[in-house]
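Two complexes come next, and they have one chain in common, subunit A, joined by subunit B in the first and subunit C in the second.
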Partner chain A sequence: MRISRHAETIWHFIFMVTVLVMVFPIIYAFGMSFKPLEDAYNNVLNILPINASLENYRTLFASLPVLKITMNTFVVASVATVFKLVTSFLAAYAFVYFKFKGKEVIYFLLIGTIFIPFTVTMIPNYLIISEIGMLDSVWGVILPQLADAVGIFLIHQAMKNIPGSLIEVARLDNMGHGRIMKDIVLPLVRPAVTSVGIWFFIGTWNEFVWPVLVLKTTENYTLPLALQMFISSEGGTNFTVAMAVSVITMIIPLILYLSFQKYIIGTFTSSGIK
Partner chain B sequence: MKEIKFEHVKKSYGDTEVVKDLNFTIKEGERLILLGPSGCGKSTILRMIAGLEDITAGNLFMNGQKVNDIPSGKRNVSMVFQNYALYPHMTVKQNIIYGLKVKKVDKEEIEKRLEFVLEMLQLKGYEDRLPKQLSGGQRQRVALARATVKRSDFFLLDEPLSNLDAQLRVSARKELKKIHEMLGQTIVYVTHDQIEAMTFADRIVLMYNGELQMIDTPENVYHRPANVFTAKFIGSPPTNILEMELGDGSVKIGKQSFLLNDLWKQQISQIGAEELLFGIRPEHTELSAIPLPNGLRGQVKYVENQGDNYGVYLDVDGQELIAMSENGNWHDGQDAYVRPFMEKFHFFFKNTEKNIGYPQQMKVVEELHYLEEGKVTV
Partner chain C sequence: MSSLTAARRMLQINRENAIGYLLLVPSIIIFAVFTFWPIIYTVYLSFFDWNMISPTKEYVGLKNYIEVLSDPKTYRILGNTFLYIALLLVINCAIPYIFAFVIDIVLKKYKNFYKSALFLPAFISLVVGSILFTWMLNPVSGPLAIVFGWIGLEIPNWSKAEGWIIVVLSLITSWKIFGYNFILLYASINGISREIIEAAKLDNIPLWRIFIQIILPMSSATGIYVFIITIVQSLQYVFTPVKVVSQGGPDYASSNLIYHAYHEAFVVYRTGHSATLSIITMALFLLLLFLEFKFVERGVYYEN
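And now, the complex of A and B:
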């Protein structure tokens, strides 16, 4: 498509504004985390701190077991992600490559669960977790998140794009399903699996409502819960310390994004396997 | 015995019967072509042999063993797909030897076989490329190489050349023949291209609407078509099929007629049929601007340039007849005279469209050079 120079300038301008709007809060939070609290309340919108100090981080580390909390968050996010990916991949494989009675109906019902709001399942989940004695434990947060219909749907779509003849060649070579999955299907849907994985990881990493229901002691908290301690009625509103928590919360997902950027972008731009 | 035997084999998808009651045997070491228009069931037959499709009814035997319930991987077949089905994430070498690795073939043996196919199919130097870095012809050769290294008893090919240009097809056909001569597998080859079928096959199975129309050598399929469909499908332009009436020792087409020789008279009287169709290939006619003895008169409707000669479409008393001519100086509406060569006549029953047969004295293979040898029976 040919775009005129004039239109190109306009588009660039729009993109720049969009990027700025999205990046601004991050830079603002980063700057704020190094400011003394009184600076945060003055009217001057200085993005970067004038009297930069690590005071907020010191306060944070003194008042909370930050490493433990970060670790909790990491365990919840990674265990849930790995399980969701494994179950999604296996279920998608079965839906694409196995013939069984009622396949369409089961798939339809499963995908239908995507549209059930979290608030509907929240209470039953809570009761079950409490019944089996998993309250106030990261495993209680993880347990209801071991499978996800969104993952099944997205990986199913990617698998359907693999030409059937590739699987048939494998069958003619007397390959079993395990080998077909490992050597043929997985390498071909890897971009989809990776981006679904990132999606799951970030989602669980940022999760607030479900952990806040399950976790009681600060020791067992995840980072979003730590964040609300500084900006809620119970914890007072210490914005600068809260921003320090935000910065810590951001670091791991950011590293993850940067390392898997190639796959994530690849998933959105690729148009199937030729 | 590397033979494949179909015994009342049927295939249906729900109520749709795509292959109807198939009975034939593919002989050991034979090059058999499954030919027919799209949707005739030829690919389904191939996939049933491969074990990629279940058989709805009947029995399929391979190597003398009933294989209805034997999975693909245990049938000792290799297959080349129309889209080549190369693993996009594996290099040429990995693609070729992957099946052998799965089979746990000895490393040295793998290397030996790899060398052999790379050499034979001119793929040396491409071992480490990915399929996307290859041209269509190269991909096709990799697919052939992958199927060849397996050294299976049965070699199945599903329109393997249809994505190649005309020149590459010719060379790929040669390569295929070479592979077959070296390894002697039983080859089953699906195509809708009659030239491919004619040049490559030992025998052709012609399919239409899930039914077997004819199974025979290319010569017989061309010269002795079993029915109207076969006559029309093989050859380009297609065989002329004309409505006719039998006169006293003559064939009447519209208001015109030409005489039959004694062989044909005898043949037709033996059959005792009354309603017949007359068939003649365009290339088995003589076309002239001046009246020909024992010929038909028609008007030129359309002239088609075919390179080395011209297809002249005539209107003969309301029926279309195509004749070949070496010159293209025909103009629409012009009177033209056609004489069909008597040795090349075909007659079909009008109701069943089946061939009535040929006089015994008419041999198929020896080309009867009609005019030169002066065998004209006027």
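And now, the complex of A and C:
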């Protein structure tokens, strides 16, 4: 059967419209962040500003410690990512290359946490962080996120694809597990580890729910929390400045995604849910 | 010391597998402290009256459960929760399934472009998404309202309208999660042997039948995974637009079980009610997982 050109054209149209809905707001936000307030309301349909100005960014930098907030976001995202990668890698290695009692149960319990709603853990976690004096600190945001079930799962899937004989030969050569990890397994799963790392970094960079509970003062905020300040139901929403914060919040994730998209899409399409 | 030896014997720890356990220790400690213990403690809190500040908690037995289950608000929020689930399943499970099929089987050009563009919002903060769409869909001055105005259509004042608010917040959430589900489903469909599909095409079997009789059964493992994460994860993702855009309003019309549990704990400081709502939510999720394992899993096709 040949797929009719007609049907193909219609589907291209549907995909284009969907892409437009997904991507247009992002492009629009970039333009709007350079529009003066009147321009934003009078020339709504112009994506590009008529009188481009840095006014919104100036207002933003004058009213918020933007650099400090960006730095906080960076610290949370990078520290959490490094720890999640290390703990996930070690756990995945144990699950793939060791036989021990209770392995299946432990794996099932850890992966099962993906399906636990966060509200079930939020009050006790808040109390723990409060108890150890980490409220209103980026470290309080980071601490519960040093391990990750999705990371264990994805790296586990990648390691399973390495032929077992490779590891057996290395063991027969009396190679230690540390060296096997570093010299054999890590190089082979590096693409997966890289994209999982980028996924973690962007995920924690964008995180909102947990930081909203932990962080109280503006100068300890991460970018998504700072952004939320500019849209309040109690009036005073300044959309043009909000767009400027949006641009600052999404610029790093956008650059990372656009530079590594082949890698990332590859990892998600090859890991498979089996 | 003897108990340690006993434990060691029970788990049959020897030099070889001891390293295995050791490698799991970091993950297990984090999960024990920040996931498993909290679950138990939340169950415990659901039997107490507490406001998170007072030094004493009062044991009240099942009072929180009775109060939550006899509160008409709870049923309203439960109804909202199911409405969110229904909308999110259509937008983020059914539609991406069809899209993934079409991009793999029907389309020949621009495939990589579509994949990249549709996956892109998954990497952007949902707070950003909430703000962008609040502006795009602003019923008075937003771009869509102006374009609609040309053809005499109006955008409802959705932030004040029951029903509409859930539709809009679901759309914002979908913007973020659509691409991830799409990519997973695409991967699964793309992994199906081409020969089967080509043979079916040669036999002139219409595309919709190929989709239902070949693609759906052969990608069902991923399909069910996406179905479940859409319910479990998306309900949590909805929290962000609810918090940023509506705070559950107007009059609880956009609140769901997750947001309501947050609201009870951190806005009105009724820890017992919040814990009770969370336990009920978790019970619903677990029931769903159980049903999945019991009834659906048997018919699932696993490639390996």
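Here is the rule we go by: the second predicted complex is superposed on the first by the 237 of 274 C-alpha atoms of A that agree within 3 Å, B and C clash if a C-alpha of one lies under 4 Å from a C-alpha of the other, contacts with A are read in each partner's own complex, and residues count from 1 in each chain.
As a convention for this text, a contact is a pair of C-beta atoms (placed from the backbone, for glycine too) under 8 Å apart; a residue touches a chain by one contact, two chains touch by 3 or more.
Since this is a predicted model, take the numbers as computed values, not measurements.
Trainee: Clash or fit: what happens to subunit B and subunit C when subunit A is overlaid?
Mentor: Overlaying the two complexes on subunit A (C-alpha atoms) leaves subunit C and subunit B fitting together cleanly.
Trainee: Looking at A:22 after the superposition, I want to know if it touches subunit B, subunit C, both of them or none. Which is it: first, second, both, neither?
Mentor: second
Trainee: Between subunit B (first) and subunit C (second), which, if any, makes contact with A:188: first, second, both or neither?
Mentor: Touch status of A:188: first partner only.
Trainee: What angle, rounded to a multiple of 10°, is defined by the Cα centres of subunit B, subunit A and subunit C, with the middle one as vertex?
Mentor: 90
Trainee: First (subunit B), second (subunit C), both or neither: which does A:37 touch?
Mentor: Touch status of A:37: no partner.
Trainee: Once the structures are superposed on A, label A:135 by its partner contacts, choosing first (subunit B), second (subunit C), both or neither.
Mentor: So A:135 meets neither subunit B nor subunit C here.
Trainee: Can A:12 be said to touch subunit B (first), subunit C (second), both, or neither?
Mentor: It touches subunit C, and subunit B stays clear.
Trainee: Touch test for A:174: subunit B only (first), subunit C only (second), both, or neither?
Mentor: After superposition on chain A, A:174 lies in contact with subunit B alone.
Trainee: Subunit B or subunit C: which reaches more residues on subunit A?
Mentor: Comparing subunit B with subunit C, the partner touching more subunit A residues is C.
Trainee: Looking at subunit B versus subunit C in the superposed three-chain picture, what is their shortest Cα distance in Å?
Mentor: The answer is 10 Å, the least C-alpha separation in the overlay.
Trainee: In the superposed arrangement, what residues of subunit A touch both subunit B and subunit C?
Mentor: On subunit A, the residues that contact subunit B in one structure and subunit C in the other are 273-274.
Trainee: List the residues on subunit A that touch subunit B in their complex, please.
Mentor: For this pair, the touching residues of subunit A are 163, 165-166, 168-169, 171-175, 179, 183-184, 187-188, 273-274.
Trainee: Could you please specify the touching residues of subunit B with respect to subunit A in the complex?
Mentor: Against subunit A, the touching part of subunit B is residues 50-52, 71-74, 77-79, 81, 83, 85, 87-89, 98-99, 102-103, 132, 146, 150.
Trainee: Within their complex, state which residues of subunit C touch subunit A.
Mentor: 10-13, 16-17, 19-24, 26-28, 30-31, 33-39, 41-42, 45, 52, 99, 102-103, 105-110, 113-121, 123-136, 141-143, 146-147, 175, 178-180, 183-184, 186-188, 190-191, 201-207, 221-222, 225, 228-229, 232-233, 235-236, 239-240, 243-247, 249, 257-258, 261-262, 265-266, 271, 274-275, 277-279, 281-282, 285-286, 289, 302-304
Trainee: Using the touch rule from the top, collect the residues of subunit A that touch subunit C in their complex.
Mentor: Residues 1, 3, 7-8, 11-12, 15, 18-19, 21-26, 28-29, 32, 41, 44-45, 86-88, 90-91, 93-95, 97-103, 106, 109-110, 113-125, 127-128, 143-144, 146-147, 149, 152, 177, 202, 205-206, 208-209, 212-213, 223-224, 227-228, 230-231, 233, 239, 242-243, 246, 249-250, 253-254, 256-257, 261, 264-265, 268-274.
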